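A, B, C, D and E are the chain letters, set down in written order, and residue numbers restart from 1 in every chain.
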Amino acid sequence: MRYLTTRRSEKAGLPPGTLVHIGERKLDQVIVRCMAYDEMRFEEQRVDMVDGCIDLKEKPGVTWVDVCGLHDVGMIEQIGKQLNLHPLTLEDIVHTGQRPKVEDFDAYIYVVLKMFYFDEEANHITQEQVSLILGSNYVLSIQEMEKDVFDTVRDRIRKAKGRVRRSGADYLLYALLDATVDSYFSILERIGEQIEEIENEMLDHPGTEALHRVHELKREMILLRKSVWPLREVIGSLERDESELVQESTQLFLRDVYDHTIQAADTVETYRDMLSGMLDLYLSSISNRMNEVMKVLTIIATIFIPLTFIAGIYGMNFEYMPELKWPWGYLAVWVLMIVVGIVMLVYFRRKRWL
Amino acid sequence: MRYLTTRRSEKAGLPPGTLVHIGERKLDQVIVRCMAYDEMRFEEQRVDMVDGCIDLKEKPGVTWVDVCGLHDVGMIEQIGKQLNLHPLTLEDIVHTGQRPKVEDFDAYIYVVLKMFYFDEEANHITQEQVSLILGSNYVLSIQEMEKDVFDTVRDRIRKAKGRVRRSGADYLLYALLDATVDSYFSILERIGEQIEEIENEMLDHPGTEALHRVHELKREMILLRKSVWPLREVIGSLERDESELVQESTQLFLRDVYDHTIQAADTVETYRDMLSGMLDLYLSSISNRMNEVMKVLTIIATIFIPLTFIAGIYGMNFEYMPELKWPWGYLAVWVLMIVVGIVMLVYFRRKRWL
Amino acid sequence: MRYLTTRRSEKAGLPPGTLVHIGERKLDQVIVRCMAYDEMRFEEQRVDMVDGCIDLKEKPGVTWVDVCGLHDVGMIEQIGKQLNLHPLTLEDIVHTGQRPKVEDFDAYIYVVLKMFYFDEEANHITQEQVSLILGSNYVLSIQEMEKDVFDTVRDRIRKAKGRVRRSGADYLLYALLDATVDSYFSILERIGEQIEEIENEMLDHPGTEALHRVHELKREMILLRKSVWPLREVIGSLERDESELVQESTQLFLRDVYDHTIQAADTVETYRDMLSGMLDLYLSSISNRMNEVMKVLTIIATIFIPLTFIAGIYGMNFEYMPELKWPWGYLAVWVLMIVVGIVMLVYFRRKRWL
Amino acid sequence: MRYLTTRRSEKAGLPPGTLVHIGERKLDQVIVRCMAYDEMRFEEQRVDMVDGCIDLKEKPGVTWVDVCGLHDVGMIEQIGKQLNLHPLTLEDIVHTGQRPKVEDFDAYIYVVLKMFYFDEEANHITQEQVSLILGSNYVLSIQEMEKDVFDTVRDRIRKAKGRVRRSGADYLLYALLDATVDSYFSILERIGEQIEEIENEMLDHPGTEALHRVHELKREMILLRKSVWPLREVIGSLERDESELVQESTQLFLRDVYDHTIQAADTVETYRDMLSGMLDLYLSSISNRMNEVMKVLTIIATIFIPLTFIAGIYGMNFEYMPELKWPWGYLAVWVLMIVVGIVMLVYFRRKRWL
Amino acid sequence: MRYLTTRRSEKAGLPPGTLVHIGERKLDQVIVRCMAYDEMRFEEQRVDMVDGCIDLKEKPGVTWVDVCGLHDVGMIEQIGKQLNLHPLTLEDIVHTGQRPKVEDFDAYIYVVLKMFYFDEEANHITQEQVSLILGSNYVLSIQEMEKDVFDTVRDRIRKAKGRVRRSGADYLLYALLDATVDSYFSILERIGEQIEEIENEMLDHPGTEALHRVHELKREMILLRKSVWPLREVIGSLERDESELVQESTQLFLRDVYDHTIQAADTVETYRDMLSGMLDLYLSSISNRMNEVMKVLTIIATIFIPLTFIAGIYGMNFEYMPELKWPWGYLAVWVLMIVVGIVMLVYFRRKRWL
């Protein structure tokens, strides 16, 4: 698994604004889903081409164009032209190695962030880059895969739940951000459960497996952190943004997402602390166990090595060894051995090894 | 025990302002306690429904409505309607995974924080979320359990001790915050005692039990910290708040609570440092002990293994072994052995192992 | 010894401004020492009651009232009334768990800090809380014990040394702060000496005693730090304070104390770094020594265990063992043993164990 | 290899502005490459002397003078005179120990940064200092070696790709900065790959080689960090610079490079974290393995040492040893030994060592 | 060696402005060197008394009075009077425990910093405090020893090299600061060389000596850091200072020194990181080696201990031991032993110990 590198070097030196898709191709076919709505009206379309959608843009109400698949840079370029996006924005959209950021281009606001999924089988986190563009009456979302965490938002639009149908494009942007941040918590909860499990395992019988799992979780925390920390700034600056694209009523909601992001970042830090603590605990436990092992070895060896020596002495075949002739010699040796053994045991008891 | 996760993912994607109780249900029945007072007058009620209390709100003087139990979201919604609370506030009230924060909604100030109890039996800390809403002439407090740390405040109101009966709702808010922060110190003192105990135990006979207790305390410190650090900002921003709801005379008292919160946060940091120091001490002690154990083994083994070898030599049954025939052979072997033993002892003494 | 807890929970929930003495009672009897002076005049008194002193306050010149002993809250209350101190100030004075802070109440400035003494016998640091109140023409100092570090200031007042007799109350406050911060350096110097001693000891023969001493010093550094770091802010804000109580000429001197406080804080950090470094050194040394011990054991054991095995072989009593009959058998065994031993030694030399 | 020191002490105490080349001489001969272009026109020259190029400066359009080789301080001085560069700028150009920085001298902007190459053979990073000077219609770049990462920019100029030919000198500066920062990613990707490889190796069979490679990578990260972190500030302040030399349209592009630099810095930090985590993992793994080794030794030794002792007993040659005469003596001894062995095995199983 | 303490407690409690020399006396006799110059004129004097020099002050041009030796506080006091220095400045001059700082007293600017020398014999760093006072037409430098790093500056003045003779006193101050900071680099380079040497040694054969050297270097880094970090602020605030004493043209040069100081501070941090990394490497290497040692012991012991046991069995003297009578008994035992040995070897190979 490649998880550290994004092959961005492939486009090193190209003129800025050159569209080169950097990242894995995760989808065979680009899918475009459009939703156009206002308080009364609702239309939904699923197309392969973007033209149809973009026309919707002229209509009143809010249009949400959701593009899945980045590899077709031609289409992205076409969208860019129709919506008058800056070449640098287009370049960032197709380059999946972005750090979460927000950029205000007056006519639109560009937000890029990461979506995380927990891959049950591989037992690790996968990520996907999502670009959100907020225009005056539309939101354009561009993701790598069809799978996303926006279904609940779609549902609320379809069924006119909550205030989404009564609000503008900025509220839709908020709803998408909120859904994304909420999805972080489900990832974090899973990791939290794993941490608790590993912790119990470590206390019961610390082993290499638990150690490697801790190491993996630490690594995943490093990667999560890289996306969650900058998101804080992103949503914070969106909330404070004085752009006309974001209404004041929406800023209250953005403050709410901001709080959630801080909570997510806090949780990531807490988990990092806990995982570090677990490594310390592991090392201490291992040292402790080794100490126990050593004590057992030492006690057995220091008791029996001298005794074996004594037995060795009287196993020698010298012609003249007076003790061997003594009638009580054998008994005396036993007495000697028992005394030596007891002295040793008392010594260890004094040293608190027993 | 689940201590890391709050199941907040259950509500991922719901429209903002949807009331979903997130957290354990800690109470069978919602309990509402009302107090209405001014300098002359005092009324106290304990009801199951909130209507009666809310009527009191129209009366002059200060009303404190204390709701215990969050699971009945219908009732929370009803309270919200009567007091004109923002949907996001209601959502935060029933969601027990909040980070301490303060939000100023002009008409009211919303403060959310954590209350800690020390569970004697389980020997760890339990927490509860408390929401405080300060209106012009009322304070609404909403907690998860009936048990709380506000009894002293109730007493002061009932017996008209201190200035609480002569002051407004903002002073009541201060009194509740102060009682909460004061209760943190009793938790911290208990932990402080435990740290001192464990430290003594570690110096006397470092063992796995003490190690695990240190690990648990570290974990509890991480969780405490998560609540105490943001509280600093909460009370700090409340103190600086220019809302009309907080009078200038109360700000002096808020500065006092602010100082206490800093002290609590300081203490948490100090304990963290101490616990880290204890882990280092533990590892060093264990290494030291292992070294001692190894030395004993090494001394015994390196003295007796060569001697046993010598004895083994003369235990061989070769027909032609001239030494065996010598009259002084046995004595000579003893002399040899004693010399070898003394040489070894001198060597160890030189190496400062003895 | 209790060093972490201050029993502040005893007053949890009491109305603010309730005077409860929190801390050990360190003195049987309250002692009050008054000094009234200006450039020409000097009076000194030692009384049990504060009334006499407070009258002096009306006189021209500067009055310094020094109260030793906090347990008599009645007297503190009386002083508070006569000098018009805020109830929160009085509460802080009798509560010995304060973090160093400064509070400007227009009519007076309240400074609270810690004084440290090195207890020669117990070989550790003890601390005492000192409250300083600067009024227009008086300084009130309240401490827990009679012992203090202000004797040099008293002497300078008595003998009219330096500019203290020519200056106002703010200069006196400065002089007291300066004496306190200077006393920190004598504590730090002692600790510095101990660190140097322990360091030498660690290099020569690292042992448990030195380890525990390092641990204790680390703990004392944590506690010192808790008092020195906030003092920086205290004196810094005093220096920048625009209160009329502090004259501009005194601010230059306060800047000097501020520099000293930074130096003290720096030194505390340096010592913490050094003590951490010593723990690392200790662990490395122990590991190194254990390695040495293991090598000796391994060399001896791996040389003699095979040899003993060979001797064991020819100590067997089988009827048919042809080697035993060989005339050169015994010699051959010796040769074999010497060869095995030399091979082993060469092997160890190759591995650089010898 | 010298990688820590730059021999800057050689010029200690010389008057400022004295040109002394500090650093290795990496090139035999100074090479000067000039490019002069505007939207229509393009000229390229490769000369040994700088005069020719400097004349180009008078022409309209943009001139890029690229000097490779620093050791000829006379030539640098001459360039400085012709372009009116400040002596301190010239001093910094020839002194290769610079920290990345930007300095605005009104008439020109001076930027100094590091270029990194991955040396395949030696398997480590080499670096080179690059000075960039932005004048009103020229860019002067001065590097240590002929090899650089600017080839793609040259290509874009030659083939009029992108907007470089239509833009001013400031855009050229941006293009060079962009190429440099992009080249950092190719270095970082290589290191990322190595980290992944080593990680797998460590999990499979942790050894000294992997350990040393981690240590080397850590060291390289320290050196990379030293160049990447200040670059952040450099490009950040260039972006915010209000100099007339940088047009507003270019600042948007600089913001893009700024983002890339933050990403590079982020990646460096992530790698540092990962390498630290790997050292912890290594230590834990080693401890774990040692524990395993010890257990095997202990089990074997504690089972057979007592048994050997028993055998030793009955190998003694006392005349009166009744057991030796018993017909079932030998069998009894075997039974005894098997019982002792089984007891030991049960004990180890209880201790979970087996 | 005393390196942590400066005996500053000796003057605890004295009135501010009392001159007490704190520090070692490093010189027998105070030496005063004066230089007076302008573009045309140059005079140099070496005297024991300061009067002569101070008269020069009235003359036009710049005068540099360099006083070596602090112990004669009377002379310092006299200089102070003649130049109208504040008592606190004089106090700081004779007190060698200062932290680098700058203080602007309108009529003059007071800078205090540390000069470092590398003591070849003792192989460690020694330091000296230097006070610099910049007046309108003079610079007063006061140091502890005659030896200093200003010789190059003296030379440039004597030989009228660079711009020093054409510039004012502020440029001289700059030149002295620059010479001091430059001298830091020669110290740092030496330490860098040592770090590289130790690193190689550690990789080849990690031993206690290298460990102790790392520890010493870490300690020296802590002390260097204490002087270099505050110097950053000192020169930074000097550069930004709006005092009339520093001309604008000089500020450009001060910015240059500021850059050098940042570089020095950076280098100190880098070295600290490297030394910490080396300790980690050391610990890991030691653990690794111990593991190797243990494996050798374990392999030898676990192979031969069972074999020796078998030999012991057949060395017993029971009358009835049927195996002893068997003609193939001896051979069978050898076969058994070889089988046991091979099984063990296979087991170790499986465990990857061989």
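One rule holds for everything that comes next: a residue touches a chain if its C-beta (ideal position, glycine included) is under 8 Å from a C-beta of that chain, and two chains touch if they have at least 3 such contacts.
Values in this document were obtained by computation on a predicted structure and should not be read as measured data.
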Proportion of interface numbers common to chain D and chain E (over half same, under half different): different
Chain C on chain D, rotation in degrees - Cα superposition, rounded to nearest 5: 145
Whole-Å gap between the CA centroids of chain A and chain D: 26
CA centroid of chain A to CA centroid of chain C, Å: 41
Two or more partner chains touched - positions in chain D: 283, 287, 290, 294, 297, 301, 305, 308, 312, 315-317, 321
Chain contact topology (line, ring, star, complete or other): ring
Successive chains around the closed ring, taking chain A as origin and chain B next: A, B, C, E, D
Touching residues on chain C, where the partner in the complex is chain E: 149, 151-153, 156, 161-164, 175, 178-179, 182-183, 185-186, 188-189, 192-193, 195-196, 203, 252-253, 255-256, 259, 262-263, 266, 270-271, 273-274, 277, 280-281, 283-285, 287-288, 290-291, 294-295, 297-298, 301-302, 305-306, 308-309, 312-313, 315-321, 351-353
Chain B-facing residues of chain C, complex: 2-9, 11-18, 86, 88, 97-99, 101, 103, 205, 207-208, 211-212, 215, 218-219, 222-223, 226, 279, 282-283, 286-287, 289-290, 292-294, 296-297, 300-301, 304-305, 307-308, 311-312, 314-317, 321, 323-325, 327, 329-330, 333
